[in-house]
Amino acid sequence: MSKSAPETITMGTSGGGQWLAAPLRIALLIAAATVALWLVTAGSSAYLTTLIAVMFINAALAVSLTFTNGMTGMFSLGHPAFMTIGAYVAAILTFPSRRKASMLPDLPEFIASLDLSLLPATVIAGLAGALVAFLVGLPVLRLRGHYLAVATLGLIVIVQGLALNWNGITRGGAGLSGIPRLSNIWWAFGFMVLTVAAVWRIKFSSLGRAMMATRENDLAAECTGIDTVRIRMLAFVIGAFFAAVAGALMAHLISVVTPRTYSIVLAFNLVVMIVIGGSGSIVGSVIAAFAITIVSELLRPVEESFGLYGMSQVIVALSLILVLYLRPRGLFGSDEPAFVKHYLNGKKRL
Amino acid sequence: MSQYLFQQLINGLALGSLYALVAIGFSMIYGIVRLINFAHGDLVMIGAFATLGMLFYGTPWPVTLLVVLLVGALAGAMIQTVVFRPMLGAPQVTGFIASLAVSITIQNSALMLLSGQPRNFLFPEAMRQRVSLGGVSASLTDLVIIGLTLTLIAILFVIVYRTRLGRAMRATAENLMAARLMGIGVNRTIVAAFAIGSALAAVAGLFWGGKFGQIDPLLGSVPGLKAVIACVIGGVGSIGGAMLGGYILGLAEVLFVGLLPQAYAGYRDTFVFSLLILILLIKPSGLFVRHVEERA
Amino acid sequence: MPDAPILQVSELNVFRGATHVLKDVSFEVARGELVALIGANGAGKSTTLLALSGLLPARSGTARMTTDEGTIELTRASTETIVRNGLIHCPEGRQIFQSLSVADNLALGAYTRTDKDWIAQTTEEVYRLFPILREREKIPAGALSGGEQMMLAMGRALLGAPKLLLLDEPSLGLAPKVIDTIFDVIAELRLRGVTILLIEQNAAMALEIADRAHVMEHGRVTLSGTGASLMENDRVRQAYLGVSA
């Protein structure tokens, strides 16, 4: 990569006049996608629209997980915990204040009197997730390999336990229902685009390279002056932010959240997405997320008509085992597919 | 000793027995292939349903016990051969994800075949009484569970420490290359460890049903996670440690719920997992282990 | 076939990862011989032994072991089969089972042997050769000193009833007195007809007791001859015997 090129997404070898084209191309791509989406939703049922929205959110989740896990080589299963936190925080903030008073008696006065719209609520939810990640990460990120995985699984259980029992704030097992349907497919789309853009930028920046270095070999990375502790924490916290936002958006999409909504199974499914897509590949995660969401949904009527609940889950699980067996690097490994880079640059090499 | 405390103690020991059986099997597997086998807990479910099946056909208890052991052993051997053996050289985390996948597959397959309805499961009338022991009474079910568990564990210790197979398993767990140079068929030895560990988990399923009265296809998650915690408490990769960890965990849970005010009862799992994370941070190799695990 | 060499290695190529470590290695070991492999670190000596005992796969080439029971192709047999047929590999660093007792370690050496009487007798012999092991019988092997561990490793090897014994750096890290003991045992084994393939950093010692020796450099066998003749060889003297030009 040429030293003189600015650290934007284009790093074509000819620098110079070429670099103006890329942002334009990206804008073009997004515009085209927006138009396509508008056309699709114009004639679709609410069901299909919601499905596509969920698909977008899943894609964003997968991308943020690939960011946390794939790029640094950490193994965190904690995303559902942050989603739960984000969902509850956002929902509590957007509830009309009179409802809050009656439903959630233990809520401190200053929160109960708030009545926020979706955007601030989501941002605060994201920050809440990030904060928890930071606090939890301080001790926990010292663990490695499967110990970290188990600890983050424990986090899911702990958060679920808190949500279940802290009745005064969370309404316990009943969860929060009747959450105002403030988010929709456009929010989901925007979120996905944002997440992809953010992670892409980071991936191809010096931070991203540092992260990949951490993944390859901790010790070697430290020797070149990379602060692996800080990097892992950064990856963990940023990933948690996105997960929390995803939870918030999801809650306002389907209007309900319970302590068990975001569980170990979801963590597993996200892992399947990034393994199939290629752990560390953004485009791979998106494609895999789309595919798995759609396939699971398509199988649902089959499950119902045969009374075989759980079949789609088995298929997802078996797919994972197959992929691990036959093609462990997934679709694209930790790279982005050539055609995407080609499009963004007009050049063969990034 | 007060009746209440004694009761809680027996209760805790019975629960601890269940956890110990599952934890020991888990520890054997971890010890020999360094794999956190998430699907281990589901063997408890398999054992429980196998018991139900046997009971349906009116099989006498001793036979049921043996059949459950066998079913567990076979299931474990199969899972190892089909899923984990091909992944032997892969990074640690791959095996873990694969075991998650196996767990989900087993759970959902059971859901598909058996439906999510909890089934009732009762030990015979004779077992469900209480027994008087010098002034205090205890549940016979609990006592039987404790007794049988200790017997099984004793047999296991004999196998592991006094037989050729046990020696081979310990050798393979410690140094795979050197074990191969002894002419040990390591693949077969690993399958044996899986089989024995899984058999113990399956028997725990038999006891589980008897103790809690209800079983369902998803029951495996709880013992699975608890086994991990028990092993971490007692010492990863050590059979004695796993046993100790299981009993400590059982007692801690029961005492936590028994001694704290009712309002906190629901926080039991939160407490237990926070304990797990705490121990992982302070002494990941376990509270009772002398030598330290290699870097994960 | 009593005259056939017990080991025939021919054009052996072994890779470790992407690195080509053994390049067309060929040599023979006759029955009852003590053959030494000497060379610098990284020359491929240990890799050779690892390939012979089946721990490393060979890319191409053959390694045939011929005993009274027949011939087996080492590059295509499992380690289990190889050990059962009498090839015992005592690896670099001893690799004893640290958490197992001395007795357990020895018992494992006899894993493939079925004759209980023979095992008991041989174990007795090992204890006679290395009395300190009897004293330490129940102690975890990890608590033994370096020299004691080497004795344990040799005792363990003996219990495998070796027809062909591969020894990788037996003197590494040991005090001179212990080394003497070990080499005495090696000499004794030769007298009993055990064929030995020996790797030694201490080239002088190796060449002294070896019938024949091969020098390995960068994965190839570059020089071969009797122990005595190699000791006289100028290149060997300069490179490995510390004699200046």
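For clarity, chains are labelled A, B and C in written order, and residue numbers in each chain start from 1.
By definition in this document, contacts are C-beta pairs under 8 Å (C-beta built on N, C-alpha and C of every residue); 3 or more make two chains touch, one makes a residue touch a chain.
On a predicted model such as this, the values are computed, not experimentally measured, just so you know.
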Chains most often in contact, by C-beta pairs: A-B
Per-chain CA centroid nearest to the all-protein CA mean: B
For subunit B paired with subunit C, centre-to-centre distance based on mean C-alpha positions, whole Å: 43
Approximate Å spacing (C-alpha centroids) for the pair subunit A, subunit B: 34
Distance between chain centroids, defined by C-alpha means - subunit A, subunit C (Å): 56
Sites on subunit A touched by subunit B in the complex: 75, 139-140, 142-147, 149-151, 153-155, 157-158, 161-162, 164-165, 264-265, 268, 271-272, 275, 307-311, 313-314, 316-318, 320-321, 324-325, 328
In the complex, subunit C residues that touch subunit B: 53-55, 78-80, 83-84, 88-89, 91, 95-100, 104, 107-109, 111-112, 156, 160
Of all residues in subunit B, those that touch subunit A in their complex: 36, 83, 86-87, 90, 92-94, 96-98, 100-102, 104-105, 107-109, 111-112, 115-116, 221, 225, 228, 266-267, 269-270, 273-274, 276-277, 280-281, 284, 295-296
Subunit B residues touching subunit C - in the complex, by the definition given at the top: 164, 167-168, 170-171, 174-175, 177-185, 291
